[in-house]
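Two complexes, one shared chain (subunit A), two partners (subunit B, subunit C).
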Partner chain A sequence: MKQQEIRKALPYLLPAFIILLVFTFYPLANAFIQSFNRLPTPDKYDLSLKTYQWLLKDVTFINAIRNTLVYSFVTVPISIAISLMIAALLTSIQRLRVFFQTVYFLPYVTSAVAVAFTWGYLFNADYGLINLILGHLFGLAKIPWIKDPQYAMTAVMIFGIWRSLAFNVLILTTGMLSIDPQYYKAARVDGANNATTFFKITLPLLAPVVSYVFTIGLINAFRVFTEVYALIGSYARIYNANTMVFYIFDQLWVYKDYSLASAASVILLLIILVLTGFSRWLSRKTDYNAS
Partner chain B sequence: MNITPKKAIGKTLSYLILGFFAVITLFPFYWMTITALQDSNAAITWPPQLWPKSLHWENFSRLLDAAPFGRYFTNSVIVVIMDLSVSMVVMSLAAFGFAHYKFKGKETIFMLFLATMMIPSEALIITNFRTVAKLGWFDTYHVLFLPYVASVFYIYLLRQAFESVPKQLYLAAKIDGCTDFQYFLKILVPIARPMMITIAILKTIASWNSFMWPLLVTNTNRMRVISYGLVAFQSEAGNDFPLMMAASIFTVAPMVVLYLIARKKIIDGIARGGIKG
Partner chain C sequence: MCVRIRLDDVTVRFQDRKNPKNEVIAVNKVDLEIPEGKLICLLGPSGCGKSTTLFAIAGLQELTEGKIYFRDKDVTHLDTQERKIGLVFQNYALYPHMTVAGNIAFPLKNAKWKKQDIEARVLEVATIVQIGDLLDRKPAQLSGGQQQRVAIARALAKKPEILLLDEPLSNLDAKLRHSTREEIKRIQKATGITTVFVTHDQEEAMTISDEIVIMEAGNFIQQGKPQDVYERPNNLFVAGFIGSPTMNFFKGRFENGAVMVDGYRIAGHSGQDGPVTVGVRAEAIQVKEKGLLGLVENVELLGRERLCRVRLENGQEVSMVASIDTLIEEEQNITIGFVTGKVYLFDAETGKALARV
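Up next is the complex of A and B:
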């Protein structure tokens, strides 16, 4: 009976199997093998640890890792803090809630490239609105946001925070709205004020959701590429806005060094696996229902 | 209901803060729109104008003269349609295979599938780039979507939707002489339609906005999709911001329209994925 069922199931499963085999499992295995190839292309193989040694000595890669770490650990906490505030305010109101939710989620569905160009214009040193506002408010001189190693990464981070709010606000608001209102009623009977309620009830109950958006945020932040490419340009390296995926892209596209690209991608993969494992652990630890 | 002054102030403050962030969220879209209608010289004067002195609708026709955005747009539409028609078939078939049949190692294979969700696509792109080069797939429509048609997370959602259908329906269909495939096509698919529509919409957004892969695997002007066309145009148009913004509107508008039509489905779909992990 069981033998027969796999035969029946196979025609349905086969198309997806083939696609995943060719475009997911094979390239995954190949990335590992290629990363140990001392020669740049898969035409010839000479397996050694050399690629990783080069990679970790490559100033550009170290710089890319540093930029990625800064980007991740600056944008994600700030974005979540802002999102928590917005979500708390959204759940406290009735009127216009759907309107605000619709507005906040809009950046999620719009092309990062197109929006990055608008931000590029806003950030423009000579004609940009941001410099106009900063000049009026603080009397600052015009800042060359995009084309200056000192500011490029800051511009990318501001854009990154703006873009990531959409997802975080949605998930946190959904999480907050699903908290049992009984808790709030009880708190009100006990005379707790809004701040106490937020920190003593909302946040602890929301902890699994917060840890979830934190992890997803970090994973996405470690993969930042389009934001950099569209805002800073293909020479992001020069403006010190290089990131790990940008490095992979450069190795692949510009230098055709598949081995270095693979080794960098294996390191990225390992970081993301650690983050995913961490998130599993964190969500188990913070889940009230589970304990 | 007695509203204390303190409460009223709190409420007003809430709306003010929410309004402030709504402005921050929407402002780039406003800026994109009015810059697209701005005079090209006025866009590079200091200080920038919050409202254009005159509206230049001809910017859009100037854009179409400057670069084949009609072509890019059509390419994107074609890729989305092809992507949807192939991926919905591949994914729902696989979901049915997993939901309906029992065989040894099924759950192990499924877990293996789900585990691939943790792999950043950037790690796969290196080999895939070479694979499609060897297959001679550069500058084709199918190269733009085929590697991504078997989205594991959507197979998982569809499997759940199919499994929630009571077995009695299958037995009844059998008595009526349905084959398994007819049962899948005529009973399961219509029941799972809401889920399939949600998935199709989310896939449309991802497909339309995809950037890195099209950048790698298309070289000719003729095959460019809109996001790549936009980047290519930037290096040509340079500082003609109104044209750049007009091109950005071409890119953004279809998804904004889709979002306004299917807002609830999109938001529910993302929130569901979010909460379930």
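Up next is the complex of A and C:
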């Protein structure tokens, strides 16, 4: 770019840049430095690698990482599979499509806390709908979903899958509708049945969208917190439902250990960076127009 | 293997998207017989219903009324894949995520062919359309002309009895279009398959098809060999649509037993006095001693001929083709006349062809 063009572009870029600087880059840098501070508070500094050593020895943190990994790699694929089914159904109907699209999108715009309240009732051990159905269908005993370390994480995952459907269905439906209908005509002429058309035409053509939804889903899943906090509450750690962000939250607000919280944040950031790199690789791989 | 196609009173009506109460008639009571083993062109301006007719034959477009027969079999309610047709879409609709071989093999896999049969057939059709060296490429790595060939190969793979092409040349540049239409003709000859192809380009239709079917506003207008359609147009529309440069039309009159244009007597005629439309092709206009006065506005050299634009006294523009031996220059005043036997008369109201004088 020429010098003159840079000068012209600067005033337009500056406001956003200043906001990013103050609210993103500065806290980021701060957290990075803090993560090497052996002392738990930010007013005195003693830089060392101690925090990271503590962190990686902390069973609670290791457990949080494990929970987060399980949560991410279970909820995201299941959610995408269900979303694909719903999106395929949505695109195959003409009438009421907009109505159903709105219905499926509603969870996205409703407050997680309010919805978690409802799900809390559904999961209730004594009078919850889920136990009622399971009891009727399979004769299962009452499961204490959200008050038991054995089941709490599963409850969070079910809730998380349901929450993430809205966004996935919206994006996948839009993606499916933007596939050139000529491919479907060609597939009809070529004698492809519905299943073949879905797996050999729709899915490959949708691959860039699916890979996008997958990455965004993973990144969001690694940052899962609201779902845990709203459904299980602040004692999630006790019920074995704490996640990485929950751990950070605990360190910050319960134990007031800024350094450990920062170190955990840095590790989370590194994981998400790796995921982003993976997503870029994936989207290049699925771009069939690249020659 | 080749098949005669018959359309019997075929009508296709759509709902108007902007105004659902209105119906649009895309194809209006078309009766048509397409002979077997020939290259037939559906020709007409855009929106005349030619592509809809093609998709109706393919089974991708439901008929509102009428029937379609292949040989003598009623296929009106037969599904696309049971009609044994191959279809080439306007923008080819090659599956972008499959290789060339994958595209050609796709219909065969769906038909549950054996693996080695598929491989052999893919090679066979690829050889017919001369893309044997491109089998491992993806469509995005091919030129427009190569994509076109792949689309034809895919359409031919399942050994269809009818090959349908929707505006197959419209996405190609001029040079490629020329060679590709030769190519389509060659492939048709090589396979002997009944081929129907849609175009709005009359020159394209004239040069490659065995027969032309002309449509206008959903109606069937005329069918015949290119030369016949050129020489014996059914009506004013065909006369004006076929041929380049466009036929010249004059407001003429039947007067006292003769056809007259602005006082110029063209031919004798027995019949009632009244208006008539006179059509003359550029090559049937010559410099004469008696005729219409005009000023030469533009001369284009076409090699052995000159294409001249002449402005008549009444302001009308006329195009004429003069041989290179006739010296005509711009800004020259000339008198033009018509070649006897090559003047078309059309009903002034209905446009129906009346006679050639």
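The working rule: the second predicted complex is superposed on the first by the 271 of 291 C-alpha atoms of A that agree within 3 Å, B and C clash if a C-alpha of one lies under 4 Å from a C-alpha of the other, contacts with A are read in each partner's own complex, and residues count from 1 in each chain.
Heads up, the rule we're going with is that contacts are C-beta pairs under 8 Å (C-beta built on N, C-alpha and C of every residue); 3 or more make two chains touch, one makes a residue touch a chain.
This structure is a prediction, so every number in the text was calculated from the model and none was measured.
Peer 1: Quick one: subunit B and subunit C on subunit A, clash or fit?
Peer 2: On the superposed model, which is not a single observed complex, subunit B and subunit C fit side by side.
Peer 1: Applying the document's definition of touch, where does A:111 land relative to subunit B and subunit C: first, second, both, or neither?
Peer 2: first
Peer 1: Figure out whether A:236 sits in contact with subunit B (first) or subunit C (second), or with both, or with neither.
Peer 2: Neither partner.
Peer 1: Where does A:204 make contact in the superposed view: on subunit B (first), on subunit C (second), on both, or on neither?
Peer 2: A:204 contacts subunit C only, not subunit B.
Peer 1: With both complexes overlaid on chain A, does A:183 touch subunit B (first), subunit C (second), both or neither?
Peer 2: A:183 contacts subunit C only, not subunit B.
Peer 1: State whether A:192 touches subunit B only (first), subunit C only (second), both chains, or neither.
Peer 2: In the superposed model, A:192 contacts subunit C only, not subunit B.
Peer 1: Answer with first, second, both or neither: which of subunit B and subunit C does A:265 touch in the superposed model?
Peer 2: Only subunit B; A:265 stays clear of subunit C.
Peer 1: Quick check for you: in the superposed arrangement, does A:132 touch first (subunit B), second (subunit C), both or neither?
Peer 2: In the superposed model, A:132 contacts subunit B only, not subunit C.
Peer 1: By residue count, which of the two partners contacts subunit A more extensively, subunit B or subunit C?
Peer 2: Comparing touch counts on subunit A for subunit B and subunit C gives B.
Peer 1: Between the C-alpha centres of subunit B and subunit C, what angle is found at the C-alpha centre of subunit A, to the nearest 10 degrees?
Peer 2: 80
Peer 1: Enter the shortest inter-chain Cα distance between subunit B and subunit C once the structures share a common frame, rounded to whole Å.
Peer 2: 6
Peer 1: Can you list the subunit C residues touching subunit A in their complex?
Peer 2: It comes out as residues 58, 60, 80-81, 85-87, 89, 91, 93, 95-98, 106-107, 110-111, 138, 140-141, 154-155, 158.
Peer 1: Which part of subunit A faces subunit B closely enough to touch in the complex?
Peer 2: 2, 5-6, 8-13, 15-17, 19-20, 22-28, 30-31, 34, 42, 82, 85-86, 89-90, 92-93, 96, 100-115, 117-119, 121-122, 126-129, 132, 162, 165-167, 170-171, 174-175, 194, 209, 212-213, 216, 219, 222-223, 225-226, 229-230, 245, 248-249, 252-253, 258, 261-262, 265-266, 268-269, 272-273, 276, 283
Peer 1: Over in the complex, which subunit B residues touch subunit A? Could you list them?
Peer 2: 10-11, 14-15, 17-18, 21-22, 24-26, 28-29, 31-32, 35, 43-48, 89-91, 93-94, 96-98, 100-104, 113, 116, 118-120, 122-131, 146-150, 152, 155, 180, 184, 205, 208-209, 211-212, 216, 226-227, 230-231, 234, 241, 244-245, 247-249, 251-252, 255-256, 258-259, 263, 266-267, 270-271, 274-275, 277
Peer 1: Going by the contact rule at the top, pick out the subunit A residues touching subunit C in the complex.
Peer 2: Spelled out, the residues of subunit A in touch with subunit C are 180, 182-183, 185-186, 188-193, 196, 200-201, 204-205, 207, 288-291.
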